[in-house]
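Going in written order, the chains are labelled A, B, C, D, E and F, and every chain counts its residues from 1.
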Amino acid sequence: MTIDTFDGTGVKPAQWNLDAIVHQLRVSREATHNIRHQGRVRELPSREALQTIVNGLSAVLFPTHYGRPNLTDESIDYFVGDTLNTTLNRLTEQVRRGLLFSADTDALDETELTHKAQEITREFAAGLPEIRALLVSDVQAAYAGDPAATSIAEIMLCYPGTIAILHYRLAHRLHRLGSPFIARMICDISHSLTGIDIHPGAQIGASFFIDHGTGVVIGETAILGQRVRLYQHVTLGAKRFPADASGALIKGTPRHPIVEDDVVIYAGATILGRITIGAGSTIGGNVWLTQSVPANSNVSQAQMRNDC
Amino acid sequence: MTIDTFDGTGVKPAQWNLDAIVHQLRVSREATHNIRHQGRVRELPSREALQTIVNGLSAVLFPTHYGRPNLTDESIDYFVGDTLNTTLNRLTEQVRRGLLFSADTDALDETELTHKAQEITREFAAGLPEIRALLVSDVQAAYAGDPAATSIAEIMLCYPGTIAILHYRLAHRLHRLGSPFIARMICDISHSLTGIDIHPGAQIGASFFIDHGTGVVIGETAILGQRVRLYQHVTLGAKRFPADASGALIKGTPRHPIVEDDVVIYAGATILGRITIGAGSTIGGNVWLTQSVPANSNVSQAQMRNDC
Amino acid sequence: MTIDTFDGTGVKPAQWNLDAIVHQLRVSREATHNIRHQGRVRELPSREALQTIVNGLSAVLFPTHYGRPNLTDESIDYFVGDTLNTTLNRLTEQVRRGLLFSADTDALDETELTHKAQEITREFAAGLPEIRALLVSDVQAAYAGDPAATSIAEIMLCYPGTIAILHYRLAHRLHRLGSPFIARMICDISHSLTGIDIHPGAQIGASFFIDHGTGVVIGETAILGQRVRLYQHVTLGAKRFPADASGALIKGTPRHPIVEDDVVIYAGATILGRITIGAGSTIGGNVWLTQSVPANSNVSQAQMRNDC
Amino acid sequence: MTIDTFDGTGVKPAQWNLDAIVHQLRVSREATHNIRHQGRVRELPSREALQTIVNGLSAVLFPTHYGRPNLTDESIDYFVGDTLNTTLNRLTEQVRRGLLFSADTDALDETELTHKAQEITREFAAGLPEIRALLVSDVQAAYAGDPAATSIAEIMLCYPGTIAILHYRLAHRLHRLGSPFIARMICDISHSLTGIDIHPGAQIGASFFIDHGTGVVIGETAILGQRVRLYQHVTLGAKRFPADASGALIKGTPRHPIVEDDVVIYAGATILGRITIGAGSTIGGNVWLTQSVPANSNVSQAQMRNDC
Amino acid sequence: MTIDTFDGTGVKPAQWNLDAIVHQLRVSREATHNIRHQGRVRELPSREALQTIVNGLSAVLFPTHYGRPNLTDESIDYFVGDTLNTTLNRLTEQVRRGLLFSADTDALDETELTHKAQEITREFAAGLPEIRALLVSDVQAAYAGDPAATSIAEIMLCYPGTIAILHYRLAHRLHRLGSPFIARMICDISHSLTGIDIHPGAQIGASFFIDHGTGVVIGETAILGQRVRLYQHVTLGAKRFPADASGALIKGTPRHPIVEDDVVIYAGATILGRITIGAGSTIGGNVWLTQSVPANSNVSQAQMRNDC
Amino acid sequence: MTIDTFDGTGVKPAQWNLDAIVHQLRVSREATHNIRHQGRVRELPSREALQTIVNGLSAVLFPTHYGRPNLTDESIDYFVGDTLNTTLNRLTEQVRRGLLFSADTDALDETELTHKAQEITREFAAGLPEIRALLVSDVQAAYAGDPAATSIAEIMLCYPGTIAILHYRLAHRLHRLGSPFIARMICDISHSLTGIDIHPGAQIGASFFIDHGTGVVIGETAILGQRVRLYQHVTLGAKRFPADASGALIKGTPRHPIVEDDVVIYAGATILGRITIGAGSTIGGNVWLTQSVPANSNVSQAQMRNDC
């Protein structure tokens, strides 16, 4: 009936002045921000729950790769259906919590919030086959684009780019359906796993491939066409942040690049501002670019010198 | 009463020549370094324990964001006090283990070591409200500095920079209190989670903001003022490592940059050596800088050429 | 007897149109790739299993650092032997699964596949003492090369470079012994933990040191000599990918750099193509290099301008 | 991202005719009882949750015995308060689910049900100090009544009677407060752990002691006074079950024994029906008793014969 | 990467003379029985696996009681089908292991064994709807037979008799299909949970009810008709064990009672030998019976005396 | 970084008057017993730890039955040695905690206590091969004595008697070596699993067999010879408890039966007091016996009457 860890701590208990510290922390909390919002306690979405949910959705989309071994023709749909049901119930709860942080849900009561969360989740579920088709195009682009790739299975299990794009495509749909907080958390989970930081608001076409990937950053208002290929450390960022009269940043304006179809951007390139990279262009490694380039451009960095 | 995993391994047991390999590994261990130090077996700090400890401290500092849902006004202090107590007991044990690796604790016996670990932990605990205040300034700086941020909750749950700074501020305090090994492990945990590598010895002022963050490196002797803002891939590193007459590196000399108040450093900038970036300066993306610049400097990279 | 999570979901169950979605996903699966290969269902290797296996091998190689506290002279070999046996049994199963994805194992039946997996694992086990010797040289190189390092224990517990090289050396051996898929997965686990992306096909000599490490990429056909030192964001990549007449990439040709003994490459340097960096050279930070340099070269980047 | 167990099943997947069996089971379910009640889906209480709740309450009542080691004077109330809060929140949810199975809650809507569950839980919480006092009297009775007992700690950690009475006293309070289903489940958990089967409806006075205990049965309408002592296999049962005109059993009538103060009942005695065992009586081992006995009776079994 | 428990053991490591003890245990093992049988290593069935399997089968049979909350009309069959598939795969592996201990499988090779295990499991699966119907009759008998029962849910969640009969009915089917070892383990799991010990070889008709149950024993060759009701401590055992000429027990002969339809046996009755209890009889508490009784008998114990 | 369970509780947080209840419980604690003893906080032994320890010892004694599948000749000793070492370290800690509750250890300081715990554990370890030999005799007695037993494996995996005797033999050795509290807890763990209650102080010879076992009670000072066989519900108990002048029970006097070699006692027999059952005797079911019987006695119960 005991709930301790049984190996002991190896150290005798000490006095910590708990009362004083607890009191000071309470004072500190009261002096700053507070979880209450308009008199409503807001339960935060759970990162753990979202990880479980993404795992469940991955299993639903690609049951033989991300699901369970030994699935057979007669059993696979039972697995998919049961995992889908469990996962959607969990997602509804997280979407509901996330809605508490949207300005436009302040007017909803508990029941309306839950209904809205169910609607978003139901629409999200209906779009899963479409998301699957996009992801298949991404995986095929990776296989075609990397001479080191030896099989589809390798791309699905060993490429951080695959993991990042999978998270992004799920998150982007949630973002568009009105669940931006949840979407953002899913992308941050992916960022932690892969080093690839894609904002869920970005728009990215089919057959997208990121190789190696660590350090890639794609900003909130970026727009990428089809068949775009990126390497590690590529930044598609904002150049400057317009502020309003009071000095506060204006949120939401388009400020990240537009990358048209069939563009390749090599490692370390930094592309900033609402510029356009014309279709079919190649941007070389380490390039620093803040102006638009026409279609089929080939941009590269100045040479280095050898001091030897 | 059985302790096996019950699904079997799918493969019949094989012979591995265990005796020979075990013997060779023993010989190899004896030929190299050894965990014994001055006749004392040194138990290593545990990474898992430190992760649990940082989670506990996060919950103590921000119980509604990193603690538990459904905390109420009457219950929150019980949660904070109980979590604090458990966490400090665990921390004491890890600090004690870490002290075994400090040169200046060789003279202490077991009881003295434990007392020293308790003293460090007690002083650390007393400083938690102050650390909380710093972290609040950091979160507010993020909200003010990123147009994509929509709420404080988003910054606390979705920004790797927040996680990295939280780990750093806890670790830095432990570093200063005489527990450098534990501090280093906490920063490495953060590095693995976020891709942001801050040495616990670095000194960083309030209202610090790192956006995106992957690839940021801040060296051991770096000094950052207040309201500094960094983007991904920024390095604040050493230029060269002075060696002594025998060729061994001299440890501990100041060799990383000083970044004064209100400096912004954009993605990919590399700043090396004990130079000073004057207050209010802006360092552009991908800049390579090894010389001091005066206050309010605006440093940017040479242009790229378009070969198209 | 119930298997539910007992805290409930906080949300009433909803209707999701499961039947329709499950059906569409089945159609989508049938339209694309399939886990069956030549009529054989291929069980995928498990990432979790490989993480457990790498943990087990780490404990076997360095029992006092990665194994268990409180090991004594009389107990250490029992621990090593038991962990080794368990780990090799698990590895055999994963190697077996990986072999199902090799072209040259199509002709083998189940029993032959298992025997081949056991052979590979047995040979791998025999090489562990040699791998340990290499890793000891790497750790010593880190201690000698970083002025911030204060002990061997710190290098083993706090340096992502150590973790990455450990995974790489285990994976490279498996790659050479004919288990490339498993090797690739192990390197991707390391990539996720450390931000360091080393292809298991790369060849790397003793006393290798990577500092900080986030963003390092080392390609499949790269060859590194002894005593090479790398910093964060260094890319040893391919410049272009030769395609065959049909436009498909030719896989496997040498296309990454050769880095000779005693070379140091600083943060952010990008080195592309089958070029050679002569022994003893130093490549400066952010350098972009696509041509061979002779021994003892000292390559650095052009200067920045200050617009202030 | 995979969720399988990684050791495999050792057996190739087989065909099971899943569709047919699933269909037949659905038909079988539809033909019999159904979880829906008056159009309302009733979520069942969770046995796991109740085990966690009883563990939590035990820790709250006796923190040094059933709580956590290393509690200190400054920390113990934080632990008690936090555990109490968590446990009461969990209990409310289980009480709410249990209420769905009470006839008299059919008229309540969701919000009223939750309020009723909170009221019951709040009243239950208020009675915990009183329950603690009863349990202290029970433990002291055990220490006084068993010559093999060497310490209070032994009685709290090693006596199934202690565990059974603790469960009973918690369950009985819930039973009286209007949560009979939850009460019954708690008593059945205790039955499984100890072999002692006490119905939560029974009324039992202070200083109650059960030694050994396996096989003890105490029926729903039994009434026991103070300082009663029982040994293993004692049954306080019903003799016959009155049925109504239709042959259905009449539920709830008093049909179990009344045992007055200071009665001792030895191993294997079976006492049936609404009879009274007078105060101070002793009932011998294996006795079969279906008639009342006056105060200070001494009942024993007939002798055995030796056929040797 | 460390696998230790991080709280330490609180005790310094000691010397245990491991080598000597390990050696003596090896000698002791070699002197006695051995897991090898006819040159074949026999993997033992796993108790944990069987517990998981019984939980899975319970969920399949009664998904709303033993499965998962929040199942809906559209999701329940997915849950049942997926759980059934997973559970049957696991059961096959355990049946296969159990077959290694049957005399009549010595001649089978690995592949034949697996096929036989699959056949047994497939036939077992086909009988699940029939088992469900029997269990429904048992639950209804409990509701009709116990005045304390208030709902079907209470009988399914709080009655050890329900748990014991569920295990027995699953085990008996496996016993009959040729998997006696697995059947025996399932009954022993039930025995540990409920104190009710039913041999899987016993034959028991529909509408069976055991109240309280602790101490009930039903032997291997017992035969019970329909609508039998038992109370705690009832033994249906063997009177004597016939031995062969060499003094060894003869295994398998009918030696336990036959209990015909509609018999009630009260607490503590002991009925031994291959006797018949005629239909409709009532056997009183604590009765010791070794001779057959005709239909509609009413057997009770001699009276006690009161020495007061 | 969050530590909550992510599914929520389904119920809004409520007010519980935590402060008042926590205060009353503190008052209640202070009024009664206290964990402090002679100014020393006494950490209680952990039931969970002891379960893990018994599992470890079982695996050490019978590695192929209670250890791990797939052990081979080359690996088994590594497994045994490593498990033994881990288990003995854990046992030392529990023995140390248990010693805090012995009257004769009040004079020992922390270091002496630890040394005493290590001594007891070391001696216990040295006796393991002897315990194994006794257990082998017990298992063989079960196989010889039960016609339903079909293999040694069945007896080791499916007989609660085997589990109970294994716990008893380990506990009895600890009891004799001076660790009675730990011994008592181990026997109570066994009691909960099997329904068999053997006091660790009892003395029991080789080749001991308990069939079915639920409800068996063997008292502290009982002495059993070799080849004794017991069935369910057998009590070897005390008849009366002598009290001293003040009315307090006198602890430790011999008060339970002596059962000589080759005695069989059938189900439900109750044998009380310091009497002797002569060698070779048979005691019938349900017999109530409080006087010694000579060797080769055959005791049975009086007949029942049939009221039909």
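Convention: a contact is a pair of C-beta atoms (placed from the backbone, for glycine too) under 8 Å apart; a residue touches a chain by one contact, two chains touch by 3 or more.
Remember, predicted model here, so these are calculated numbers, not experimental data.
The minimum number of touch steps separating subunit C from subunit E is 1. Simply put, subunit C must spin 180° to overlay its Cα atoms on subunit F, rounded in steps of 5. Of the two chain pairs considered here, B-F and A-C, the higher C-beta contact count falls to A-C. Look at the contact of subunit E with subunit F and you find different residues on each copy: under half of the numbers used there are shared.
Rounded to a whole number, the gap between the C-alpha centres of subunit A and subunit B is 24 angstrom. With each centre defined as the average position of its C-alpha atoms, the distance from subunit B to subunit D rounds to 51 Å.
Shared interface positions of subunit D, i.e. residues touching 2 or more other chains, are given as 1-2, 4, 7-10, 12-19, 22, 41, 43-44, 46-47, 65, 68-70, 72, 74-75, 77-78, 80-81, 84-85, 89-90, 93, 195, 214-215, 233, 268, 286, 301-302.
Taken in their complex, subunit E has these residues touching subunit F: 9-22, 24-29, 32-35, 41-47, 101, 180-181, 184-185, 187-188, 191-192, 195, 197, 199, 201, 214-215, 217, 219-220, 233, 235, 237-238, 241, 248-253, 255, 268, 270, 272, 281, 284, 286-289, 293-294, 296-302. Partner subunit D is touched in their complex by these residues of subunit A: 1-4, 8-9, 12-19, 22, 54-56, 58-59, 65-72, 74-75, 78, 163.
The part of subunit F that touches subunit C in the complex is made up of residues 5, 7-10, 68, 70, 72, 74-75, 77-86, 89. Only residues 60-61, 63-65, 69-70, 76-77, 80-81, 84-85, 88-90, 92-93, 96, 114, 117-118, 121-122, 125-126, 128-129, 132-133, 136, 144-154, 157-160, 193-195, 212, 214-215, 231-233, 267-268, 285-286, 301-308 of subunit B touch subunit A when the two sit together in their complex.
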